[in-house]
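Below, chain A partners chain B and then partners chain C, in two separate complexes.
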Partner chain A sequence: MSSRGFHRGMRAFWYVMLFFLYAPLAVVALYSFNSINSSAVFAGVSLRWYAQLFSDETILNAFYNSLTLAITSSIIATVIGTLLGYGMYTYRNRRLGWLIWLVYLPIVMPDIVYGISQMSFFTSISNATGLFQLGLGTMVIAHVSFQVPFVALLIYSRLVGLDAMLFEACHDLYAKGWQRAWYFILPTLRPAIVSSFFLAFTLSIDDFVISFFTSGPESVTLPIFIWSAIKKGVTPEVNAIATLMIGAVFAAAVIALAFQYVRAARPRAAD
Partner chain B sequence: MPRTQDARTQGAFATRASESPKRREPSHFGHLMAVISPGVIWIVVFLVLPSAYLMTIAFMTNGTYGLPRMPLTLEAFKELAGFGFLGWSPGNLYTLIRSIWQTVLSTSLVIVMAYPIAYYITRAPARMRPLMLLAVVVPSWTNQVIRAIGWMNILSPGSPVSDLAASMGLIPAQMGLFPSKFAVVVGLVYNFMPFMVLPLYAVFEKLDYAQIDAARDLRAGPIRTFIHAVLPQTLPGLLAGTVLVSIPAFGMYVIPELLGGGKSMMLGNLVARQFAAASNWPLGAAGALIMIIATLLGLLVLRRMGKKLGGDSQVVL
Partner chain C sequence: MTGQSTATASAVAAEPTTQHQDQASGRSGSSIELHGVTKQFAADSIALRGINLKISGGEFFTLLGPSGCGKTTLLRIIAGLENASDGEVEIGGASVTDVPAHKRNVNTVFQSYALFNHLDVRENIGFGLKMRGMDKAEISKRVTETAEFIKIGNLLGRRVDQLSGGQRQRVALARALVNEPDVLLLDEPLSALDAGLRSELQLELSRIQRRLGMTFIFVTHDQQEAMVMSDRVAVLNDGRIQQVGPPQQLYEHPENLFVARFMGHQNLYEVRQQDESGLDTCFGRLVGEFERGTHVLIRPETMTVVREDDVNAGPNVFAAVVRERVYRGHVAEYTLDLGNDTEIVATCNNVGEPMFDVGTRVAVKVQTSGVVTFHA
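Now for the complex of A and B:
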């Protein structure tokens, strides 16, 4: 068999795959500029759905809720997750198998089980005590619980990539615990911490199911708004919000990539 | 490149630690607890406890308004198997079987598509690889609901794709490819592709080409080379990917709800319905329990594979 033909076939398959991956997003963006209310026929370019979007109080409120939720939960998750990742690294030679289980659990568990167990848990507690009423508060709690493992694993993997001798050097220079944290670990991890914040942020914005089940009547976020709008029938307005959200994710991706290249460039410069 | 360094540093760290056990901070255990406890407590209180609570609900009695009451029974499981007031009906079992079938089908399709992609990325120039991986992952960063809207647009009645399918006689004219079981499978495959590409990429990156050369030298054809020299090496990644795809796919809620009609309902939808309109928490919890068991089994496999893969952190991102 000819390896050149094989390679060409693979390359063609790669482009087909890229098309498959991006076509649905492109279609959403395309129809958001449609001048008529149709998801099958494109009549002409117009910005009317965007104009409608920015004058709709409900949507602006949902946007505000989404942002509050994502920023609050990401800050908490970045702090807690960084500590956890650091702990996992420092004590990786100990028998901490249960910890790995605990960290993987939120990643693997189906969203629906996740959302429903938290919903029934919070509902029962609030029925009994009045605390944890479903709303933005419970949503933040739920989001943090699935963001933490991702942050921890990202920090852990960056620490594994470091030379352990650096930790030893700190010790040899008689750095105290807090000095080591402040002058060595935090600066070294800064790119990883920033990118894990963005990762947590996109995870939060990306989530629908868990938000849906842990939300209350007052805490409608953009995905929940979109969901109820689709249930009533897709409107071009929904395409417009979706397009803006896709744009935000792409921006986050560019930032993440920039950080990755900065990180990749650094050791090379040191060599 | 980071992996070799990893092996080296881990070795150094291990010997150093065993040489001088007392050189570290005095409160070892205290330090460990201080750094990991916020995360551990958060996950235990807000995820493990609620899951345990949900599992208890599955064994409780359905009270008024769907809220669970005390006597512990197995009623919910009987109901899940189809035994209701009106005798036995296969509805719930069909849903269960359909979930398994759609999961198997979409996971297989994901494997067939992701395998060559992961290989292709490893063969690309090193500087291109992060970019290519990102290109595969970025769509999955957008909201699930938005991705489903994309497919609703593409497959809706009157869209070019639906018209094409109709002109080929695959579907009746004026009909759309959505809502349908087909649309659900497309949505699942689309949703979970990256979860298969990443672990496969991790194993392809470490592929030992000497084995392939050896197979070639022994005059094995391309198929036998693949089966004996490539496939066994990629098996850990394949299994990890299968877990990461099939477990969430099995419990999928959004895609069947939006892209499928009532006839494409999966277990996730059945469960969700019990907590909303149908109001039967124990029945819903019993369904969720099945998913939790599947999740734990999946974790078991993942842990095994994680050890073989080495840098298991890379696998999940």
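Now for the complex of A and C:
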């Protein structure tokens, strides 16, 4: 096959891939504006499903729960994961192989196994002691526990990529322990810390399996709500939620790109 | 000589800008003493075996040796970045053996420069002063002065990733010097630079050191670099000091085979037998009064190479065949075959003398002043 033919083939494949990625999103967005309750016929533009959405207290509550869960767990996981990643870096020369495996295992563990084991764990504790009733609290614990390895991994790989001499330069330039942390380690890790917070947030906000097993009756999150709503058939209301989430993701991506662009283009102030 | 005195004159003229440095260091850096410094990383890995060394205040001292000889470890022990397994480190007469790096008034210029990417050049240079809690106005003043002194005043607002290798090196130097340390440690700081920049910075480093009168301890594996810059050099091998002395002494009177080889000598031969009138080597007898030794070296620049038929047969003239000729501009370097698998290297000035082609039969005359004996 000629190289030109190959390149054309790859380009066609690229368009096919884009189509399957984004066409479903477009369809969802389109039908969220449908004036009738149908996912097959588009009768006209209307915002009635959005209006219904914002007046539905269950949905608003689920949305609120999702945000609370995602933000709380991401903050906790970022703090713990950063400390863990730093610890793994500091002691990387000791033989910690098995310990690192313990940290990484949850990343490859199937969610369903993880979710079920979390549920049985919390249930047996709460049966015995009355503590850890399934609810937002147990969900935060479960989410933090699967977010931490991702954060630790990100922080660790950033630290490993640094010139080890930088730590010594800090020592050499009279920095005490807290000064090394505040003036060198934290600013150097800041991009990695911000990315791991957003990664943790994304993992939490779209998690269904683990949330499903660790949630209580009062702690329905958006994915759980959508799942139970869909059991009754896809409603335009669900389409509207999905469209809002797509919009939020796009907005976040645009903001992130803009930040990168500004940072790259920013000239340093002349002294 | 004239050039040197002009440099000093201009240095004096520019003095007011760097006055604080002179005040703080009192125009003479601190002395350093090492007593039995030993470093053992593991049972089978000993980096340093009982190093004893006295470095005077204001000296440009070089630790020279092949990689793995322990020179960087020794530097790190002086900096406090590494603890000695045994022995004492004194700076300015006070023991600092148990003082951590961030409390030692010693600064290091790292091989990789180790500049902070999240800070600009000004903030990098001021980092040490800021950590010591100096107020902002004073930091800014000193950073500017030092940057001017190192000729990077125009780079203060730059980001580190916008700098060239040579510029980074200067920033790293300024970041250390601005703190007015008792001792400045330099860990192969020029090894990543290209040849031209290297020799430029070598001269500049010696100039800076002379002007500040600060004690510099320089680590390198390059004997040329050591010779160009240092007041004294310590040659290290296998965790031990082989010889300490001014460059000229190391080159002209190496104390052992390792130092002789490391200083670049190639014409090294075993002494087979020695008496008052001379000594025997594998290629013949060298006539002259030499000190007793097990080995002899012959400096290539002291030999004369002539046509075979020009030989005035006499002592210390040997017949040879040209094996290789390397043209180096001002000199030609000949590798000569003396027979019996023995070679000798001779360099000849390229001034109106004929160049000998490979294969030419020649005679090489050895001068007794270029013959040095020593014990292996």
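As a working rule, the second predicted complex is superposed on the first by the 250 of 271 C-alpha atoms of A that agree within 3 Å, B and C clash if a C-alpha of one lies under 4 Å from a C-alpha of the other, contacts with A are read in each partner's own complex, and residues count from 1 in each chain.
Here is the rule we go by: contacts are C-beta pairs under 8 Å (C-beta built on N, C-alpha and C of every residue); 3 or more make two chains touch, one makes a residue touch a chain.
It should be emphasised that the depicted structure is a prediction, and the values quoted were computed from it without experimental measurement.
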| said: Going by the contact rule set out at the top, does A:Q179 touch chain B (first), chain C (second), both, or neither? | reply: second
| message | If we overlay the two complexes on their shared chain A, which of chain B and chain C does A:A200 touch? Say first, second, both or neither. | response | neither
| request: Figure out whether A:L53 sits in contact with chain B (first) or chain C (second), or with both, or with neither. | output: neither
| message | Quick check for you: in the superposed arrangement, does A:M119 touch first (chain B), second (chain C), both or neither? | response | first
| message | Contacts for A:L134 in the overlay, against chain B (first) and chain C (second): which applies, first, second, both or neither? | response | neither
| field | Residues of chain A touched, compared between chain B and chain C (which is higher) | value | B
| message | Looking at A:A192 after the superposition, I want to know if it touches chain B, chain C, both of them or none. Which is it: first, second, both, neither? | response | neither
| request: Examine A:E168 and indicate which partner it touches, taking first as chain B and second as chain C; both and neither are also allowed. | output: both
| request: Using the superposition on A, tell me which residues of chain A are in contact with chain B and, in the other complex, with chain C. | output: 163, 165, 168, 171
| message | Please output the residues of chain A touching chain C within their complex, sorted ascending. | response | 163, 165-166, 168-176, 179, 183-184, 187-188, 190, 268-271
| request: Going by the contact rule at the top, pick out the chain C residues touching chain A in the complex. | output: 79-81, 100-103, 106-108, 110-112, 114-120, 122, 127-128, 130-132, 156-159, 175-176, 179
| request: Note which residues of chain B are touching chain A in the complex, please. | output: 2, 5-6, 9-10, 12-14, 16-17, 23, 25, 31-32, 35-36, 38-40, 42-44, 46-51, 53-54, 57, 113, 116-117, 119-120, 123, 130-131, 134-136, 138-147, 149-154, 156-159, 190, 193, 222, 243-244, 247-248, 250-254, 258, 268, 271-272, 275, 281, 284-285, 288, 291-292, 295, 298-299, 302-303, 306, 311, 313-314, 316-317
| note | The answer for chain A against chain B in the complex is residues 1, 10-11, 13-14, 17-18, 20-25, 27-28, 31, 39-41, 79-81, 83-84, 86-88, 90-91, 93-94, 97, 99-114, 116-122, 124, 141-142, 144-145, 148-150, 152-154, 156-157, 160-165, 168, 171, 177, 199, 202, 205-209, 213, 223, 226-227, 230, 234, 238-239, 242, 245-246, 249-250, 252-253, 256-257, 260-261, 264
